[in-house]
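What follows is a set of structures for review.
In what follows, chain A forms one complex with chain B and a second complex with chain C.
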Partner chain A sequence: MSLLSLTWRNIRGNAFRSWVVFLCALVVAGFALSTTLIMRGAENSLRLALARLGADIVVVPEGSESKVETALLMGTPATVWMPQENMQKISAVPGVAVASPQLYLSTLHDASCCTVPDMFLVAYDPATDFTIQPWLKRRFGNDLKLGEAVGGTHIFVPPGEQNIKLYGYFVSLKGNLEPTGTGLDQSLFFTFDTARDMARISHTRAERALQIMPDSISAVLVKVVPGTKPQDVALGILHAVPGVTPIESPNMFQAYRKQMAGLLKTTLALLTITWALSVVLLGLVFSMAANERRREIGVLRALGARREYVFKSLLAEAVLLALAGGAAGIALGAFTIFLFRNLLISSLGIPFLFPSAAPLLVLVGGGLVVALVSVTTAALVPAYRISHQDPALAMRE
Partner chain B sequence: MKIVGVILIALAIVIAVVPQFLDCQSQGRAITLADGRLIPMKCHWTAVAEIALGVPLVGLGALLALSKRRETRRALGVVGAMLGAFAILLPAALIGVCAMNEMLCNSVMQPTLILAGTLVMVISLGAFGFSFGGKEVEPA
Partner chain C sequence: MITLHEVSKTYRLGKGSVVNAVCNVSLEVPRGEFLVITGRSGSGKTTLLNLAAGLTQPTQGQVLLGGAEIWRLADREQSALRNRTIGFVFQFPSLMPSLTALENVRLPATFEASGRGNGSAARAAELLELVGLPEKAGSYPRQLSAGQQQRVVVARSLINRPELLLADEPTSDLDEKTEIEIMSLFRDIHLTMGVTIVMVTHTSQLICYGTRAIEMAAGTIRT
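The block that comes next holds the complex of A and B.
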């Protein structure tokens, strides 16, 4: 009888034991993959958001740091203002290569244009912008005209309509940016001219007029001169421009990073407990199986089966069940996280982007290894003990 | 096969019952027409249609748990897989749910139905596949 057919018979021979091992491998692999997916997805999302902003420093009105960060990361609209003259002051700070102002606005609640109740509107200055313009040039070869906009991945033109209607103003959606898993996915970007035109039209056509504070801006994105430390430039801005807070790019979204670190600790603790309990349970199951099969293994040895053959057949049983359970757990975990990603974002309050195929394959491999190591570790001692027992003694019991 | 039947019954109950508590109608949301009348959003019709899938699926699960003939299990497996596919298609393509990500019908009801429908399909196809092997239990 071949090793594989003996293993298969053993698996089918005790369905309850096999199901317990299968389910333990499923839980360990599924849980390990799900938690890693969430943490990696959130980290990936933060990285993409920073890359999308493309700024070394973001200058916001003093005291509005968390409002702006929440707007950029979670898409919760924020309207903050600072004098437009700050723009000139920031540009004059040594080490500043480019400074570009932005206006942060908000739609009316429950607008029909998009998949979110409140859409975050970002107006930018095409003359100085380095966030949207390079993407537009690459994609369409020209800039946005009056009345045109680009949206995050969740922005769409309502079915049956030609344009997005905002404050009674028709905006033509020129394209959608790649997903980041952050609030930028539910933001609409257009030029300052479009924002002013929208505000003008809104006075006569909208339920509530769009208010833009005169001679004001919401934030300034800064790129520093290559070779200059962003920290030094940020200090320079802090001294030269009163009433503003410069946030360096690596320090952005600190509140969310702390929240994620807390979440990581909790999930790691839960993962460790689950893993340890599963290994103990599997160890017990394999020990019971080894005791149950003492006579059977004794007969097998008496018929000429070598110790290595018995040891290998027991380990092969564990490996097969671990691979099957691990694969099922990974498929279930990844599919569930993918389906419930929107619920995760809203309930955990963190950004999340499902990983692409290559990183996902690495995580899947990792999950399978965890399941394999857990089950094999638990089966190792009982398999060694039973394969080294004296066949004569075992058959007499 | 009893355990398979019981799992299918549990999934059928999820498919039929869960949407009734997660559609916009149950959350007090409806579309207001120009004349002031309120009409249900499309996720409500998906929830109603899922009852029509869940009820026969309960019967199918019971039959699968009780059946002893291979041919019966094979036929039930195929029908179960089709019902599972429709449980997915109703919220994902045929009727749909509301567009906003933050609505319960979009963030919870649709994923729950897709997950339950997928499990129904996998289990039914498993029952179909296993009906080709093993010994047939002769009816008493």
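The block that comes next holds the complex of A and C.
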């Protein structure tokens, strides 16, 4: 009979003890994976959103920073305006390589003229855009025509329809962008011409007309000249253009980052407490188990089992239970997060993107390691003690 | 076979109090002997048996098993020596509850990496037949009576063809009929296999099974 076989028989032989260890490993690994998954998913989402914007600086009307950030991150529509002439002023600031204006619009709520209520609409200028156009070129080889749009990953044409109706205007969905886990996934992108055409048509076909402030834009995305510091350019914009706030890319979504940092602190504290409690509980379980099995272990030693064999056998039990419990906890944690990801986004108010296979595997491995280390740490001292005890003493009641 | 030279064992019970379980005992057990050690509870006979088996370290004195001073050996050699040379029968139920009777009998053969475990299933089945329990090979200890469990323990003690069998009150929990059966088994093992046996008992009627008897009192050998 091999060591593993004996270990397996011992696991089966004491169902209560085995279940306690299994459940502790499940809780530790599941909780560790879930919290890491949420934090990594949120971080990943922010990173992808920034990459999608592709701008070094986003210039928005003064005081509207959080509105725009919320719109971009959570898909809550925002309509903000600043004079169109700001665009020329920003372009003239030293260090600015490209500046591209955008219009932020919204569909109507509960109106039959809009297929989707409260959808964030982003209109861009094809002449200067560096956010959507490169993707379109790569994907389709050409730009969007009048009446065409690309959507975030969650945008689709309603079943039975051929187009998406916005303000009574039919928009043809040309494709979908890759997911970011942010509001951009629920946003629709089209050109300035389409936006203006939609506004024109809406006067006759929509329940309420689409209002685009004349000679106004919502934001300007800026790329700086390579080698130039974005903060220097942002300072230049601040001085040259009154009534705007330039947000440097690394400082984007600061409110969310703070919220996430707070959440991270809380979850880390909870994780540490759960881990410590589990290790203490496991330590107690293993100590009790070792005590309960003193005589059995004494007999094994008397029959010729080496200290090393007994120690290995006890640790193997812990490792097997940790792996099984850890794997179950990880599967349960990942499945729960996947199932309730939308609820998570709305309740925690943070963006979230479920990781792809490779990073998920790393997290799974991490979760297993946490379970393994916790259970093994708890089992180490009782296993060492009992395996090194005098066999005659171990066999005495 | 076993030599104990001026061996003592003292247990510390805390707060400075000590118990002298075995005091300055010297004993020689030659090969082929069936030694019965009697004495009252607490006289030190189980401690003496544990000292002889190398299951507890003497506070002073020497223990030689087959010529080797057991406490000079490393754990690996000491365990191997016990595994190869000694078969144990304990007073308490000592079968592994998660293993079947056959697996319990095989167990000592699997501790050594010498490959002796390979043919142990057939030998274990033979031994179960020897102790009269061939049909109980697949039964778990909880499915066996106390007498049957003790027979399985006897079978287990013989799996590695030991030269020495140490039995600590092997019949204390058994009824009279089963006691006779187990003791007859020991006598057969001694006579047919030539195994040296050292048995501890508080029942003086069992002296007749041995070739020599000694009595212990207060940690010393009286006769």
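Definition applied: the second predicted complex is superposed on the first by the 388 of 397 C-alpha atoms of A that agree within 3 Å, B and C clash if a C-alpha of one lies under 4 Å from a C-alpha of the other, contacts with A are read in each partner's own complex, and residues count from 1 in each chain.
Operating definition for what follows: a contact is a pair of C-beta atoms (placed from the backbone, for glycine too) under 8 Å apart; a residue touches a chain by one contact, two chains touch by 3 or more.
Here the structure is a predicted model, which means the values were calculated and not measured.
Engineer: In the superposed arrangement, does chain B or chain C reach more residues of chain A?
Structural biologist: C
Engineer: With the two complexes superposed on chain A, say which partner A:D143 touches: chain B (first), chain C (second), both, or neither.
Structural biologist: In the superposed model, A:D143 contacts neither chain B nor chain C.
Engineer: Report for A:S346: first if it touches chain B alone, second if chain C alone, otherwise both or neither.
Structural biologist: Only chain B; A:S346 stays clear of chain C.
Engineer: Is A:T336 contacted by the first partner chain B, the second partner chain C, both or neither?
Structural biologist: Only chain B; A:T336 stays clear of chain C.
Engineer: Mind working out whether A:H154 is in touch with chain B, chain C, both or neither, as first, second, both or neither?
Structural biologist: Once the two structures are laid over each other on A, A:H154 reaches chain B alone.
Engineer: Considering only the touch criterion stated at the top, classify A:D197 as touching first (chain B), second (chain C), both, or neither.
Structural biologist: neither
Engineer: Taking the complex as given, what residues does chain A use to touch chain B?
Structural biologist: Touching chain B: residues 114-117, 154, 156, 186, 335-336, 339-340, 342-343, 345-346 of chain A.
Engineer: Which residues of chain A touch chain C in the complex?
Structural biologist: 1-2, 6, 9-10, 12-14, 295-296, 298-309, 390-393, 395, 397
Engineer: Help me check something: in the complex, which residues belonging to chain C touch chain A?
Structural biologist: Residues of chain C touching chain A: 47, 50, 53, 55-57, 75-76, 79-80, 82-84, 88, 90, 92, 94, 96-99, 103, 106-108, 110-112, 117, 156, 160.
Engineer: If we count contacts the way the header does, which residues on chain B are in touch with chain A in the complex?
Structural biologist: Against chain A, the touching part of chain B is residues 99-102, 106-108, 110-111, 114-115, 118.
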